[in-house]
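All chains are identified by letter, namely A, B and C, in their written order; residue positions are counted from 1 within each chain.
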Amino acid sequence: MAAALALRILPFGRYTGRPGAVVERSIRVHSRTWTLMVSGFAEPVVYLLAFQVGFGSLVGQVIGPGGQQLTYVAFVAPALLAASAMNGAIFETTYPVFFKLRYAKVYDAMLATPLGPVDIALGEISWAVIRGGVYSVAFVVVMAAMGLVGSPLAVLLLPAALLVSFAFASVGMALSTFLRSPSQFDYIRLVVMPLFLFSATFYPVSVYPESVRWLVQVSPLYHGVELMRGLAVGVLDVGMIGNVAVLAALAAVGLAATSRRIGALLLG
Amino acid sequence: MANGGDDGDPRLMVSGKALVKRFGGVAAVDGIDVEVRSGEAFGFLGPNGAGKSSTMRMVACVSPRSDGELRVLGMDPDKDGPRIRARIGVVPQLDNLDAELTVRQNLQVYGRYFGLSRAHVRAKAVELMAFAELSDRADDPVDPLSGGMKRRLTIARSMVNDPELMLLDEPTTGLDPQARHLLWGRLYQLKQQGVTLIITTHDMHEAEQLCDRLVVMDGGRIVAEGSPASLIARYSTREVLELRFAPGEQDGQVSRVADLAERSEALPDRLLLYTADGEATLEAAHARGLRPVSTLIRRSTLEDVFLRLTGRSLVD
Amino acid sequence: MSTDPGPPAQRATGTVVPGWRAMWLRVEGHWAWYRRYWRSSLYSSGIEPLLFLAAMGLGFGSQVEAGPATGGHSYLHYVTPALLVAGAVMSGMGESSFPVLSGFKWQKDYIAVTATPITPGQLLGGQLAWLGIRLTLSGVVYGLVALTFGAWLRPGAVLVVAVGVLAGLACAAPVMALAAATYDEGRRFIVMFRFVMVPMMLFSATFFPIDRIPIELRWLTWISPLWHGNELARAAALGGGDPLAVAGHAAFLLALFAGGVVLARRLFYRRLVV
């Protein structure tokens, strides 16, 4: 849906319908490092264990969506899923993309074929989403195994995680095209880390004074967190439509910006 | 200590005897003898993998020899690496400039590693930027500079300590003709000032332009040594006659004319006849009824010598 | 043909710089870079630990009752010294991974430097000294901001900066050794961040005491350099450290640092002198 919107904004002829070829390249490149992807299972285990035995033991019950009393680990787990989808997407679309764009000249080579900038943008973003999806499945499985999902609605956690991945992968890739030197990656962390820490991930938004809560609600990750937390405990809310809309808009803007930037940088 | 020699001939900047460099079991340099005298421009020629860069790295004291003798500026690289490196300038095959620093900072920071004072490197950087025609880019970062500019900066950087000996590993590979000629001019200037130059290249024209004396390496060994003119005299003829035929008509032609030249060679697209007098050989060939599509008489070059000594087949 | 040597060259101006000064010249080189790029590196060295302090010390801390788990201190007081050390360890490991590999492989500035009188050992020394300076700088910034939060209880807390530098360098040296032995694109660093650094952050008594960790797994904490750093930092900031334990934690970190330096030095030579 976001992709279709972006295609209407973009000049025609820059999309040849072959982002699959770009994804295929990534699959080939990464087929030798599959162990790293499998290792994605270990990460949620480590985090959730830390929150179960450690952080959770310091905190009593927390009030979750719909006023439910939750254990701390049940409160944090869906937020960590959203954050891990974000971090994975940003990671996959920043350093590797920068490297391919500036040093390895992978996109120059692709543009010398019939592929257009939109194919590249869509292909690379899709790959990030696919990878993020694998991690998210692992995360949800671990959550369920630890008894941290309270509702059948939790199956929707997976599409929600993919949406979060898509939104941040698009934006991450667009931002990468503006970087000139590896040291500027710190700028991206400068944005991502506050999102990670302050999007009601680790404690309820009510901790913040009334006057700064709007700031938290501007954070796109906050929308991911809210969505996931509601789905995990099985509380549906009209606000979720807004959450989804914010993430979808972000994805569309990021995709359009990426395509334009790649076109401007390499075809200009 | 005019040239710092602790032993041996003080005019010898580099002397190697039975020099060997092995990587694992493979000898990249397989027992070479080499002497470079003060003030000369000395060339290492050879195809890729011939052992030129390995030799250069041993001379630059960043690669200990596996066997044999080596003296650089009269000192032993194994014992006096830093003292030797303080007095030489190294231009690596691939630029390794600090991409995030400016042109000026690259020169200043590098100069400091030679123990030079801040005031000295400040003045030296200005002088070198003028030398490399980079003065108007002084405070720009290096990353966006063109290949030729980066190469000039790398060479300027290697001169920050006023080296007595400069090691240039393929200094002009990948540059456009303008940039190449500018660099050759600069290297010639250095030579005039008495700086000893050691150059590796597989650009024969460059070798003829710059080198007083050179060695041709192949498979880790030296296969020929001398001045460009003497190598041509020894391994080639004065002139070369090139006969080009229409596709398919060349087969069998070489046997009809081989006896007209000292040496002949059949390439897929033409015949080469190595001869003292190209005009006369061409007439003789016509007289035997050869009808090439086009002909060319040229002087022998180092390239002819090179191909004769190292063969025409690809090395890697 | 002119084998005649021409006018003799002037004596080169370069000289060999004694060891410690050579290291310092490398620091100067890093400083030239830093002067241009301090803004973009300000974040990881200065701001990130403060964000953690705000989020965990104040935000998460608001959910935690002071009690035996935190040694009777407020969560802010409990977590502030450990977050300084954890930040130093993270940036020590981060700065020693891809940036050091780049010196060998992509930027190749290590190759350029070792063509000068500077030796690989001095190059390594300069890298560590520069890291030490940056860790000190970010530790001081963090300490001062934490002071405005009221996060320090006693003057001994100034020592926490030194603990951070020690723990950061102790973790950095072995990672530099790893970087010197890395010839591929450095995927192993990503594995290291995921399977060594992140678990170390979480299970080194940074955020919660060691007694929460199941006894069978506690040995993992005992070998974690961050845990030793955290224990030292809490002893300095909150008081009540057993002198023998303090000496033991410091000895562990010093030994790790020394071992890392010896190994890294050997691998730097192996990589640069071939």
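We take it that a contact is a pair of C-beta atoms (placed from the backbone, for glycine too) under 8 Å apart; a residue touches a chain by one contact, two chains touch by 3 or more.
This structure is a prediction, so every number in the text was calculated from the model and none was measured.
K.L.:
Could you tell me which shape the graph of touching chains takes: line, ring, star, complete or other?
P.N.:
Topology of touching chains reads as complete, every chain touching all others.
K.L.:
If you average the CA coordinates per chain, which chain's centre is most distant from that of chain B?
P.N.:
With centres defined by C-alpha atoms, farthest from chain B sits A.
K.L.:
Find me the chain with the mean Cα position closest to the mean of all the protein Cα atoms on display.
P.N.:
That would be chain C.
K.L.:
Just the chain pair, please, that has the highest number of C-beta contacts.
P.N.:
Here the largest contact count links B-C.
K.L.:
Could you work out how far the Cα centre of chain A sits from that of chain C, in whole Å?
P.N.:
Chain A and chain C have C-alpha centres separated by 29 Å.
K.L.:
What is the distance, in whole Å, between the centres of chain B and chain C, each centre taken as the mean of its C-alpha atoms?
P.N.:
44
K.L.:
Give, as an integer number of Å, the spacing between the C-alpha centres of chain B and chain A.
P.N.:
About 53 Å separates the centre of chain A from that of chain B.
K.L.:
Find every residue in chain C that makes contact with two or more other chains and list them.
P.N.:
Touching at least two other chains: 37.
K.L.:
Residues of chain B touching 2+ other chains?
P.N.:
Chain B, residues with two or more chain partners: 99-100.
K.L.:
Quick one: which residues in chain A touch 2 or more of the other chains?
P.N.:
181, 183
K.L.:
What does chain A use to touch chain B in their complex?
P.N.:
It comes out as residues 180-181, 183.
K.L.:
Looking at the complex, which residues from chain B come into contact with chain C?
P.N.:
Checking each residue of chain B against chain C gives 2-3, 11, 23, 37-40, 57, 60, 62-64, 81-83, 85-88, 90, 92, 94, 96-102, 105, 108-110, 112-116, 120, 161-164, 191-196, 212-213, 227, 229-230.
K.L.:
Give the list of chain C residues in touch with chain A in this complex.
P.N.:
Spelled out, the residues of chain C in touch with chain A are 37, 40-44, 47-48, 51-52, 54-56, 59-60, 62-64, 69-70, 75, 102, 106, 187, 190-191, 194-195, 198-199, 202-203, 207-208, 212-214.
K.L.:
Report the residues of chain C in contact with chain B in the complex, numbered from low to high.
P.N.:
Contact set of chain C toward chain B: 1-17, 21-22, 25-26, 28-29, 32-33, 36-37, 107-109, 111-119, 272-274.
K.L.:
If you look only at chain A, which of its residues touch chain C in the complex?
P.N.:
The contact residues of chain A facing chain C are 33, 36, 39, 42-43, 46-47, 50, 53-55, 57-59, 62, 72, 103, 181-184, 186-187, 189-190, 193-194, 197-198, 202-203, 207-208.
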